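Consider the two complexes below, in which subunit A is the common component and subunit B and subunit C are the respective partners.
This part shows the complex of A and B:
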């Protein structure tokens, strides 16, 4: 087990603490100069880490003890939520990051693992939100079940696209999802039943008889009611993350990878290509729907303008930026894409321009993304036989 | 009668613009097997370049509509053609060896960059801008239907543009080089064809055509908007696929087919289902595209590897 470049566990813990403190500082920073300085610090740290192999050893150590690093990241997230327990805005931002990252987990299953391009991520996210808005307002179904049902509805509506997506390939399939994304937004805008361009109000969430909007059932008087939502978002993200990483490690993920890399080879090995694509497409839409459902409940409001084609592209930027297929990279990428424009007010207006340009640069010069996906190793520590 | 005439004319005009965009998609797919998704936004750039040129000329005191129109078209087509060649040189060719979806994604993002750049950096670019009426506005009465001369001229101009591209592709030496590259890039190189130059020229040609379509669009609606590119890009792409990617006739057919779907949608939908507002026409058109893709995934005229462009 002992590695040549063994990375002491204490240092792993220290690295996580450092990262947490950094994110805390970043979310806390008020002035533009402080934010810019922190961004510069991160850039220098990453460059230095690359130069002296620190990032690689950190990754190896994290891979060597997955349980520990997962618990540590969960602890960091909890610590951040606790640190910002009285700030509505930061908690709302954390919710958005977590839920967008959850939707991007779904897109990763589709695009990163199985190679099914989905340019309508925001549409499926939106289906989840709208389904929740309608069900929470007009039915008595418990809200946790509503979230699950919304995910299922997104998956079912997505299955309408399965035939055209399966019968086509590459550009053709891309066109189908693009057309669907635009159709969805146009439909919402002209439709009166679902509120038209103004959208719908979503009632606050009820969890086991407790109304989350009434305030957190714990903590001090100044604890924001968004704490409960943030914890719930974290729970949903952690659950979906665990599912997706188990899926990636299993024969399912392996089959999906084969289908993506070489369809002919996959067929020769007896893999049913269409079946795997359907599974990936439906699973991904389900996750995006769940994330959208909770997002609707958190923001209390859904409107067609939140689910445009540009938002779908923003989601894909997160997936590409984080490193296509590497789900660890989704969180930092979502932070960069969602939080950075909020913090640096002057780029808020330019964010679509900036991130679109960033993705072009990444595709040109570093197509594997910021944190490239590593080959899965099934038998760690055993020498090959 | 007049209403039907209006619908038909509107459909023809839309079809012409769509066909011009679709021809661009099909040309690019022919020579490099790539989808350049920013193509719709090139149309928008063309329209804005034309608008800027027209405003500049008016400020300089050149008011004669014909001279202005000529300058506007030359400037817009030239600028957009250059931009198209530049995009091919610095984005499409470097990504040529990457997976095709990466190119699609990169050009989608490029479309966003162009759109946002115009919205943010063109003076007051986020609002719709009036496009100057540079054509005579007289109209001919055809049994209750007022046929406007300027619209007829636009239609003829579109026909001429598509016709000359067709002539260029099928009858000239450059066209032969383009067809050779489309058939087999490697062999074309062996035959002494300058691969990169042909690719760049093709992209300039397609982008110039899009710019012309953009000016036509502006003259027809008397308005340009930074966001028209996305929708026109999707529609042009859909039209190119409907007809069969890589096929010039298919692209033209697809353009008119899509326009007739849209016009039919807006004309017949309220008649068939009384409560449905005509605002659903885009929904109807895109739903039709999705259904069509499920039915005939590679378009009406199936793509044949030996017969591109």
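This part shows the complex of A and C:
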């Protein structure tokens, strides 16, 4: 591997440490003044970073040493979980960020790679949650397997939509998914078996004979039992991230990109358009399903109101805000969309207004998102340059 | 020189509502020849390509490819049987690299399994590196300056380079029949010359390949093609060598109108 980039590795490490400290400060901040100050600092830092090319060099350096930057990201996340080991609230929020980002990895495969817009992300997330609620309460299936099965159920239910989505194009396909999302929520509300509007309780997770809700098997007395859930969410996110990242840099990702950019050319060179869209749609729903499954176990409770059309929009706005097709941007975007409104208490009621405005501003001034997708290089650090 | 027919078109008709784009067309493409397809705008040349590659379904008539009827096949099946083409208006994926755009030409030999692509990364990398080598070799022959820019997105390239990339994508599948849809469209005089050299180069390297070339530039037709067919209103109005068709009064009428 060559290290001839103009950005020393020590600076890369320093940047990761800086980001971690920033997120820590942000999650820690209580007073509105501190939060506002931190938001201002971020805005200035982003503007300055772009102005002097620091952001791009940082991104390039990170891309040039993928293993190092992945390990550093993982370390940062672990450090944050450790730092907030005694706070139920922050850990729950981190779980939500990680699991929403996992669902958004699925939406990226659908929308970012194959161009299939799915406005029912929260519905597939919800299918995963409900499937887990039912299976965990009524069967003896090990919970890790339950999560996997819930993902499969989401994928299978999603295949009902395949025919109408494939027969229609563009906006019409999007309408089909919107209809499905609304149908799903209404179905849950009127269905007494699934608890109606009240929803269902989800039993705490059992992992290898250990009940996670009994507290973490490690750490001090004040360690929250949510630490285990946060670690598990991190693990699921990292695993799905690795899969999607491999998918992008494979013939599958390439085929999906060609299908998205030019269907006529794709068909002329032998690509089966429908087949790739089906694979993308099903894979994406599977990932959304397993994310939702774990989310159900984390929150201990599922209800129709957690999986509304607005939540689907929230997911899509994370995907677009992060940079359509760039999975690196999902975590920061999920932080902004999910954590920022929690922190800025005074805008609590205006959170939808906030991120709607944010998405509009981003699309106006930076249509490719915060971190635009970079050109695909299958393998870095080799002779192909 | 063998005169077996690779393509036999019989009474091919393509109607779009009231418009007849191909009107009982009869023609052949011989094995290993470069055939020029001429005609005024709207005479049905591109429509013929689109019917042949199954983007349109013919209203009636037949196309035999290597003796077998191909009307009713899908574009994917046509591709697999060895037909590759370029488009009049470039149809590349602009945000993807030169490598991406060319390597997809050999889609039929790619492995698409989830396990292979996602989990067996070492094996995938080995296949990927073989593909990089093949794309390099292809570019080395047809457009050496592009080799060093293999991993740059296509949107950064000029029109002529994009055409070359499109031709390489078509050649990547090692086709038996290459369809070139007006490669010189929108090019300067010098660029057209370069492109002509490229086509002659392809020709000399692959003498088994049959080529059908739609072209308006008469000097390209003159230098590159061995035989020409002229269409007008979806019908064949002339056939023969360049000298023969340019002397044909029907062709002159089609291009210049009736003598007053």
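Heads up, the rule we're going with is that the second predicted complex is superposed on the first by the 372 of 385 C-alpha atoms of A that agree within 3 Å, B and C clash if a C-alpha of one lies under 4 Å from a C-alpha of the other, contacts with A are read in each partner's own complex, and residues count from 1 in each chain.
Here is the rule we go by: a residue touches a chain if its C-beta (ideal position, glycine included) is under 8 Å from a C-beta of that chain, and two chains touch if they have at least 3 such contacts.
These numbers were taken from a predicted model, which means no experiment stands behind them.
Student: Once the two structures are overlaid on subunit A, check if subunit B and subunit C clash or fit side by side.
Tutor: Fit.
Student: Does subunit B (first) or subunit C (second) touch A:265, or do both, or does neither?
Tutor: A:265 contacts subunit C only, not subunit B.
Student: In degrees, to the nearest 10, note the angle that opens at the C-alpha centre of subunit A toward the centres of subunit B and subunit C.
Tutor: An angle of 80 degrees, rounded.
Student: Once chain A of both complexes is superposed, is A:247 in touch with subunit B (first), subunit C (second), both, or neither?
Tutor: Second partner only.
Student: Any idea whether subunit B or subunit C touches more of subunit A?
Tutor: Partner with more touched residues of subunit A: B.
Student: Go through the superposed model and pick first if A:167 touches only subunit B, second if only subunit C, both, or neither.
Tutor: A:167 sits against subunit B, while subunit C stays out of touch.
Student: Answer with first, second, both or neither: which of subunit B and subunit C does A:176 touch in the superposed model?
Tutor: first
Student: Touching A:302 in the superposition: subunit B (first), subunit C (second), both, neither?
Tutor: neither
Student: After superposition on the shared chain, which partner residues are touched by A:310: those of subunit B (first), subunit C (second), both, or neither?
Tutor: After superposition on chain A, A:310 lies in contact with subunit B alone.
Student: Of the partners subunit B and subunit C, which touch A:330 in the superposed model: first, second, both, neither?
Tutor: In the superposition, A:330 contacts neither subunit B nor subunit C.
Student: Looking at the overlay, does A:255 come into contact with subunit B only (first), subunit C only (second), both, or neither?
Tutor: A:255 sits against subunit C, while subunit B stays out of touch.
Student: In whole Å, how close do subunit B and subunit C get at the C-alpha level once superposed?
Tutor: Shortest inter-chain C-alpha distance (subunit B to subunit C): 11 Å.
Student: So in the complex, the part of subunit A that touches subunit C is made up of which residues?
Tutor: Within the complex, subunit A touches subunit C at residues 243, 246-247, 250-252, 254-255, 257-258, 261-262, 264-272, 373, 375-379, 384-385.
Student: Which positions of subunit C touch subunit A when the two form their complex?
Tutor: 53, 55, 74-76, 79-80, 84-85, 87, 91-97, 100, 103-105, 107-108, 110-112, 114, 117-119, 121, 124-125, 128, 132, 150-153, 169, 173
Student: Using the touch definition from the top, list the residues of subunit B that touch subunit A in their complex.
Tutor: Residue positions touching the partner: 35, 91, 94-95, 98, 100-102, 104-106, 108-110, 112-113, 116-117, 120, 230-231, 234, 237-238, 241, 245, 277, 279-280, 282-283, 286-287, 289-291, 293-294, 297-298.
Student: Can you check the complex and tell me which residues of subunit A touch subunit B?
Tutor: It is residues 115, 117, 119, 161, 163-164, 167-168, 170-172, 174-176, 178-180, 182-183, 186-187, 190, 309-310, 313, 316-317, 320, 349-350, 352-353, 356-357, 359-360, 363-364, 367 of subunit A that touch subunit B.
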